[in-house]
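Presented sequentially are two complexes of chain A, the first with chain B as partner and the second with chain C.
So, the complex of A and B:
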């Protein structure tokens, strides 16, 4: 995790320490830098706000993790003695449950921000929660990242064409299909795919992320196995995701088609395909880049269910396992990682956008 | 006044085939839900078809049991009908609460502007961008034995930003219109301007807000249920899908148990989405002029 404590202040301070007019002048001469600083400040505020909401949300949940831990230990070691008061107190300190809610909050944030420490996990006690999470993170990034990008590319291209050729039969069918399916949970498609391809036809595996008889490593067999096991979960995300992007791209495309510069391009005698790719498409893929970042949180939500169905060893499965065992530190850790990843992705895309979009100098 | 409103509604529907289709599908589903006690009685023919051990277990679909029976010997078709009405009720409750909250937030933020808008919009934006599913899961820990209404309230906590976002952007564009300025120079009070000038013009977008919140709410609840964290005591379509997965309907080939609820929910999502897009196409002049089917 990067530093994120009361951050806007730092930005303000640097402005105060220098003569204000000098900073102002510099910023007005460098609008791009001013935009970047503003955007970064907003990012820090959002990150802090989201992490705070998540912390209090989970701390107000009923249930006592320390009692759960002791019960688990007793079950595992058939150990019947009552836990002593000191033992409970020690565990309370270890899990960061000392003091009132505010003290807990300050301590948690301090550990998280300064040391990247999320406290011990319960599902894998005493392994720290961050270690458990880091183990599952690559699987989710691989599955969700690749599927989300693929869906975006397919959706924007098909959506642009559907808008461009509006009124034609193919476009009408695609658009109506997209309206019907854009808001279906990935999980539904995943369930149908599993039933057809795994249980009925027996062509593809229904569970796990790779064949357990193959040793993990950079070998062709292992990579092939990962791809084979990832195909169904990825497909369910790509299919629905594509329909979503088709719909929004088409809605961006349609108003553009009436613009004068397109009429002019046509009057110049440019070919239709050139007008589409060089004039029209550029105006709809830029807003869609921002939209991509915003959609990531939503995709993560859906991904949790898909991972759970396939027993895929990613963040989603870890989250559900942690919830079943009331493992607060891991639940909060997964949530925080997801929040951090999504907000950072949105920030990076927003900072990238000015480089792609020549109109940015008008931005405030 | 009510007649005028009705005329406007009829005209709007006639203008958009998409909106009409969505509304017809919704109306059909609501009808089925309203008559669900009757339909279930007809299916049972004297006995209660959704009682445990009403019939034999795992019957395959036949004329007597259109969708077969489940692991407790209950008629799947009757269960699906019952669950559909529960799903619709939750969507309506959560949609309504979210819309009211969304409208209030949107008006306060959009009309007042300034730092209030800044705070409210940032907060709404955070809730829209971050993955809220883990937070919803946390809430579900409270929902062991809750009523349908309480489930609706719980779900709407995460569904209102959808409504607030749509409506706020419209308030922003409306409040600078000349007729609002005119009302302001005639010394109309804020409340008066909001109720008489802004609200009527916002109705279609409040409709969009309602549809997208209801969609988001049902979506969220189904998500909770399919990982087994659904609120106890509420049997809706998501719960039936979860039962199908856990009882091994997938391996047994009892496909109606999950395919039919999925199909119904997909149809419901499609109808709500058609209402959304239909309304937007009618009321967004930029889309209207050139939008083909």
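So, the complex of A and C:
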């Protein structure tokens, strides 16, 4: 818990008559650093709050994981005797289920924060949950991270051009297509892609993340295989994501085109391409950076289904398997990873924004 | 003084709407002479801003030029009709020959670009040869309108209304254009700043020899700044003449009303 305590910045609130100390004077001379520290403090509070809620939420789930484990063991090893109370107690301790809820919480947080330990995974006992998660994490980061960034770039660029050329045929078609497709769920597009490219045309594989006959490693064959297997799931996220970003970027772009500074840029006799990039796009992509951070959480949700559909060995598949088997440490672990990555992404974007937009000043 | 820079003949501008057309400018004939400051006066809706926007070719639908011509005679170039010139020819003409001074309270400056970059882009676009002298040129232009060189590194939101107006003035004359069209250059500024801005505009004429067309509803502005003044009413020119003559002996009853609308010290409001 002590590690979670945010560094409270008291600079601004200080009303005392004492002359500013060294730290305070330094902070007032470096407003950006002071802002970064305050924002980081807020990040720690958010992180702590979200992790706490997730912990108690999952402890409220019905079902007894230990009994499930013992049943599984009995089935697997045809071990028919009744498990001793001693054995059950040992498992309870090991899974962090002994003591009241608060004691469990303190123990869990201590292990998580100090040792990065999420407790043993039920399915893969005695492998710890974090090992299971770390095995699937790179796949999700690769798939989700790259697709989300690509969708954002495509969407903002196409959306800006669609707004810029509004009224023209190409722009109208793009806009209406985006309206129709922006809110279609990822998995629906994934199903269509699988049907067309994997089932009907047989061009691309629809399952797994790489050809199992190729040994994993940094070899051209393996990388090629990963790209080939990742194409369909990535495409489903990129396609839908792109349409969403097209729509919102166009919406931001159109009012900017009526701004005085665009008329002025035209009067200056600048080239159209320059007005588009330096005047129009520069003013409309900034809110989209914030929106990107917020969207990451939603993309993560959609990604779970996409991974499940493609049997992609990422976090989504791990999560679904864990839920089916009541592997609560892994469920909580995946949730914590999602919380951590979304909050961290938003933090980084917030720290980046004042550097990109001269008008953004969070500090005084 | 008598060489004509811009010769407007029979200019008509119409705004089309579903309730019928509205003619905002109805057959305006007006000549602008090189080196003069020509004031365009008139109340709101008299068509003076539409006239400016049409000449600058910034008129947006539903506004349309429905008639007339505006022959522009830039120095060292062949004369062109501003109302029909198009595409690349128009773009090249802009700023180097015909520039625009908008109202400073409007957000005409790009909020995410430093002031110096907003000088740079227009100078490099039309006079790329000046690239090496930019470091000296921008502070000098800012100095002409009474701004410190450090303003170059600032963003528009860090400037006051008066400072923005001066930056716009400095950008307007950066390429020594043949004609600057100023649309309400002092409106929305407080009275003391208005005087300073008017003085700077007059100085620009002395220093750069620019020809200025100043649109303003404020007769006081014309009295202080203009050489000649043209009065518009309901889309028509009702009077054009030397500023002293117009103020001393207005021929049109509307002009007389406009002049009487200038508040004077020591006279009770009625």
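Assume the second predicted complex is superposed on the first by the 331 of 364 C-alpha atoms of A that agree within 3 Å, B and C clash if a C-alpha of one lies under 4 Å from a C-alpha of the other, contacts with A are read in each partner's own complex, and residues count from 1 in each chain.
One rule holds in what follows: a contact is a pair of C-beta atoms (placed from the backbone, for glycine too) under 8 Å apart; a residue touches a chain by one contact, two chains touch by 3 or more.
Just so we're clear, the structure is a prediction, and the values are computed from it rather than from any experiment.
A.B. asks: Under the stated touch criterion, which partner chain does A:192 make contact with: chain B (first), chain C (second), both, or neither?
C.D. replies: So A:192 only meets chain B here.
A.B. asks: Applying the document's definition of touch, where does A:283 land relative to chain B and chain C: first, second, both, or neither?
C.D. replies: second
A.B. asks: When the two structures are overlaid on chain A, which partner does A:91 contact: first (chain B), second (chain C), both, or neither?
C.D. replies: After superposition on chain A, A:91 lies in contact with neither partner.
A.B. asks: Between chain B (first) and chain C (second), which, if any, makes contact with A:270: first, second, both or neither?
C.D. replies: Touch status of A:270: second partner only.
A.B. asks: According to the stated criteria, A:357 is in contact with first (chain B), second (chain C), both, or neither; which is it?
C.D. replies: A:357: touches chain C, not chain B.
A.B. asks: Between chain B and chain C, point out the one touching more chain A residues.
C.D. replies: After superposing on chain A, more of chain A is contacted by B.
A.B. asks: Which partner does A:312 reach: the first (chain B), the second (chain C), both, or neither?
C.D. replies: neither
A.B. asks: Sort out for me which residues of chain A touch chain C in the complex.
C.D. replies: 259-261, 263-271, 274, 278-279, 282-283, 286, 357-359
A.B. asks: Name, in rising order, each residue of chain C that touches chain A in their complex.
C.D. replies: Contacts found on chain C: 56, 58, 90-96, 99-100, 102, 106-114, 121-122, 125-126, 155, 157.
A.B. asks: With touch defined as at the start, can you tell me which chain A residues reach chain B in the complex?
C.D. replies: On the chain A side, the touching residues are 42, 45-46, 49-50, 53-54, 57-58, 61-63, 166-167, 171-172, 175, 179-185, 187-188, 191-192, 194-195, 199-200, 247, 251, 254-255, 257-258, 293-294, 297-298, 300-302, 304-305, 308-309, 319-320, 323, 331, 334-335, 338-339, 342-343, 346.
A.B. asks: Along chain B, where are the residues that touch chain A in the complex?
C.D. replies: Against chain A, the touching part of chain B is residues 18, 122-123, 125-126, 128-135, 137-139, 141-142, 215, 219, 222-223, 226-227, 229, 241, 245, 250-251, 253, 255, 258-259, 262, 265-266, 269-270, 272-274, 277, 280, 286-287, 289-293.
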